[in-house]
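Sharing a structure here in structure tokens format.
Going by the order they are written in, the chains are A, B, C and D; count residues from 1 in each one.
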Amino acid sequence: MIKFLNVTKQYQEDKMALSDMTVNIDRGEFVFLVGPSGSGKSTFIKLLLKEIDPTIGKIKIDGKDITRISQRKIPHLRRKMGVVFQDFRLLQDKTVYENVAFAMAVINTSPKEIRRQVPNVLALVGISDRANMFPHQLSGGEQQRVAIARAIVNNPSVLIADEPTGNLDPETAWETMKLLKQINRRGTTILMATHAKDIVDMMQQRVIAIENGKIVRDDQKGVYGYED
Amino acid sequence: MAMKTRTIIYSIKQGIKGSWRNRMMSIASITSIASVLMILGIVFMIVININSFSEITKGQFDTIQLDLEDDLSDGDMQNIGKSVKSIDGVKSVYFLSKEKALDNMKKKWGENGYLLEGLQKNPLPNSYVVELMDMRYADEVVKRVKGLQGLEEVRYYKDLVEKILKITDFIRLAGLIVIGVLILISMFVVANTIKLTVIARKKEIGIMKYVGATNWFIRCPFMIEGMILGVMGSAIAIGVISFGYKYVFDLITQKVYVMIAVYMVPAPVFIKSIAIIIAVLGIGIGVLGSIISMRKFLRV
Amino acid sequence: MAMKTRTIIYSIKQGIKGSWRNRMMSIASITSIASVLMILGIVFMIVININSFSEITKGQFDTIQLDLEDDLSDGDMQNIGKSVKSIDGVKSVYFLSKEKALDNMKKKWGENGYLLEGLQKNPLPNSYVVELMDMRYADEVVKRVKGLQGLEEVRYYKDLVEKILKITDFIRLAGLIVIGVLILISMFVVANTIKLTVIARKKEIGIMKYVGATNWFIRCPFMIEGMILGVMGSAIAIGVISFGYKYVFDLITQKVYVMIAVYMVPAPVFIKSIAIIIAVLGIGIGVLGSIISMRKFLRV
Amino acid sequence: MIKFLNVTKQYQEDKMALSDMTVNIDRGEFVFLVGPSGSGKSTFIKLLLKEIDPTIGKIKIDGKDITRISQRKIPHLRRKMGVVFQDFRLLQDKTVYENVAFAMAVINTSPKEIRRQVPNVLALVGISDRANMFPHQLSGGEQQRVAIARAIVNNPSVLIADEPTGNLDPETAWETMKLLKQINRRGTTILMATHAKDIVDMMQQRVIAIENGKIVRDDQKGVYGYED
């Protein structure tokens, strides 16, 4: 379902953020993306979202080369994917409820459906009692959970998460992982960039390790694999 | 279609919410819009009144005077009057006897009027004063009139009228240019204001794009927000300008010099036209301003 | 003191960097400032010229005419002239002989001048035309003059002059009000623009406070940024207004009606005063705008 | 050096973010602040920085009650403390170098001293090669390291860090911890809110555990102490 073909991304002359990367992720997989800080994980995700375009190479999603689609098709591409950003990216002037409802309104969900679905998702990530607060009134972990709620509310076919447990305590982090696993079981492809060694080791899923923009390891049922 | 309606309702709600939540910025934008429109209104007021003044002044010279020979019979004079009246472009003709003319002159000269008492006989002729429908007919009428019998002289303030016409035209043109420039400037100011609003919400727009919102879905609430700002800005400007004009008009009528008021455009007429202009401009500026200033940020 | 100097150098560097890095916003602010100052310039231009027109017109009636009795000797007349000249508030006195007066009248009446040929004898008196230093002295001078021997009549266009004075005063007042309102409005527009700039950088200001920056340390670069914006906005406005006025002035002088130019403020004079006004306002607006609009965000 | 006396913070009617907290931190201590998401860690830190004021109670720093100091004294209070924020809070229109230099310029350091010191600190946190980039051009981990560099550049007497390793890979995280320990050895008091169980367990320092705004545990040489 997701194919990177010899993708290179160079932000600046001297250094490559990704170099000649080829990788294939099938529908329904659960993939961890690991690697040191600055290795290129977020760049990989930004390419998938067409936030940036590769310097060289092709990226195919559902068989379509997204480096070639027109500006107008981008919103429809993005609707297939739910995303949890490393910096949350919540709408600051909308409440928690509205942030989630907005993602539904965007794809033309009926108000009735929105009113039914939003509370469910907020309950799922455990922030129902914060529904009417604004992002700046939330703790870091709470904001991260709102971001997760927004990402899953439309039942996307791919869920992309950049460091979704970075601001969570271990317990909440584990609950989030259980949630992701559950979503994965319903057939959603999951791609998660993380530094959480414990979680990666425990989950026993595919692990793609990147270093300096290159894939250095790609194991089914892998482990985090960097030593302290 | 149901989709579209839903989007529109959503946009209106969001637009209203948006302008309320960003109250401070909304107030800033509204006052900017109102200020610029007020300035426009003031200039419009100045120009329209100078124009009105010129028009009225011009009208007072807008006649041809036909001096009759001294020895015509009443019948001859009446015939001349009828012939003149039948010429194309003549609006009215009235007879001015030599006695009346001297009288007028004495009045006009005021304090110097006593000088005319020293005259042995009335040197002024009987005459017809011809009012034209429009200055354009002047030359033609003068030519036709000159063919008539019994006229001593045709007096026509051609040079003066043409000078006044030239000045009026100039003022009208200058006024239009100034107003045009002001509209452009105000568009600029408002587009800038809204652009700043949008820059401040750049991140927000980016986020919407990442969630999969189409450009129109993002644009609509901003446009409605722009419209709300435009409407409110216009309303304030219309209120202030209308009230201000009425106040000045009344002040001039009562306190300063009643005669000036004759040359001024009456308050209701002015208010009606300025209100329409300001409303159209304000709303147009609000909506266009949003669209123009968002262009850059939709490319994410 | 070394501390302060360092802060100032730092602020100037940061101010320049800031306005360059936020290029888009800077351009928006500069055009807004320039636009508003241009509008101000245009209104100033209109008001100052109407004022100049009134002043010059008024000046033409600003005299007292003393008609002398018919049978005075040259010595008597000269004595009267000297006495009048010595009165407080009299600027100059000149003698107008009865022949010259009739001549002037003939010229003034133009086409109607021939009427005066019919007079048996010159009915006009010899007279002194008294120019005053200022209208305020009029009543006093008239009273003193009336005590002199040999005067037939003291003619003084008091009503007319007072009407013109009233109108001139009104225009001057209205002009001042309009300019005052415009300055306020432009302050508002610019303060809003800068406020929006500051809102967009609210986060930045917050961060500075958390790093331990004092309010002045944060404010200074913004003030200098505001000053840069003000200077550039003023420069544009001064350029456009100066060029525009010169163009209009030349156009009027050459094309429309030379006589109007007499009533207009000459280009160099206008440009000099408007340049100073715009520069002071622009810079003041820029700096004050920054200070005012930052107040809210410094309380973190 | 830091004293909380019966401090209560209530953002909203119904719920207390901190309730009746009394705690004492001495000069030169190294303290971990742990607790589930939303327990009040960031609130504790914001109170120290006088970003917010307590609803009830006193907060003393160096014997001075900071709830009572005038607006004008706040900058001087903050200069005693270096802070790493959970959301980094870097100046977006300044480069990495300038972000760090700014913190020095604020306290009137001479340009010569700034030019000498900034490169040292950037090298210390390992981002020398990013010196001329803007924050949005950095990876999450790189931004976090810039934040750390800025916090320590002025040799503050207290270093406060809210989740300073949340976006770092384990290796970089450990290097950061070594750095903090080293700074602590020079006499700087360190207060660090974190969810990183491994790190807390390994470091053997004082651990203050907060839950629902109350201190539930305060151990010298403590452990993270929450079970998965």
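Here is the rule we go by: contacts are C-beta pairs under 8 Å (C-beta built on N, C-alpha and C of every residue); 3 or more make two chains touch, one makes a residue touch a chain.
It should be emphasised that the depicted structure is a prediction, and the values quoted were computed from it without experimental measurement.
Asker: Note the shortest touch-path length, in steps, from chain B to chain D.
Answerer: The fewest steps needed to get from chain B to chain D is 2.
Asker: Which chain's centre, taken as the mean of its Cα atoms, is farthest from the centre of chain A?
Answerer: Following the centroid criterion, the farthest chain would be C.
Asker: How big is the gap, in whole Å, between where the Cα atoms of chain A centre and where those of chain C centre?
Answerer: So the centre of chain A lies 66 Å away from the centre of chain C.
Asker: Any idea how many Å lie between the Cα centroids of chain C and chain D?
Answerer: The mean C-alpha positions of chain C and chain D differ by 61 Å.
Asker: Which integer distance in Å separates the CA centroid of chain B from that of chain C?
Answerer: Here the centre of chain C sits 25 Å away from the centre of chain B.
Asker: Give me the residues of chain D that touch two or more other chains.
Answerer: If we look for residues of chain D contacting two or more partner chains, we find none.
Asker: Using the touch rule from the top of the page, what residues of chain C touch 2 or more other chains?
Answerer: Expected reply: no residues.
Asker: Line, ring, star, complete or other: which describes how these chains touch one another?
Answerer: ring
Asker: Sort out which chains touch which and give me every pair.
Answerer: A-B, A-D, B-C, C-D
Asker: Over in the complex, which chain D residues touch chain C? Could you list them?
Answerer: 49, 51, 71-72, 74-79, 83, 85, 89-93, 102-103, 105-108, 110-111, 150
Asker: Can you check the complex and tell me which residues of chain B touch chain A?
Answerer: Touch residues, chain B against chain A: 3, 6-7, 10, 18, 21-22, 203-204, 206-215, 217, 299-300.
Asker: What residues on chain A touch chain D, complex-wise?
Answerer: These residues of chain A touch chain D: 11, 34-38, 41-42, 86-87, 137-142, 144-145, 162-163, 166-174, 195, 197-198, 224, 226-228.
Asker: Flag every residue of chain B that touches chain C in the complex, lowest number first.
Answerer: Per the touch definition, chain B meets chain C at residues 24-25, 28-29, 31-32, 35-36, 38-39, 42-43, 46, 105, 111-112, 114-116, 118-121, 123-124, 155, 163, 166-167, 170, 174, 178, 182, 185-186, 188-189, 192-193, 195-197, 199-200, 248, 252, 256-257, 260.
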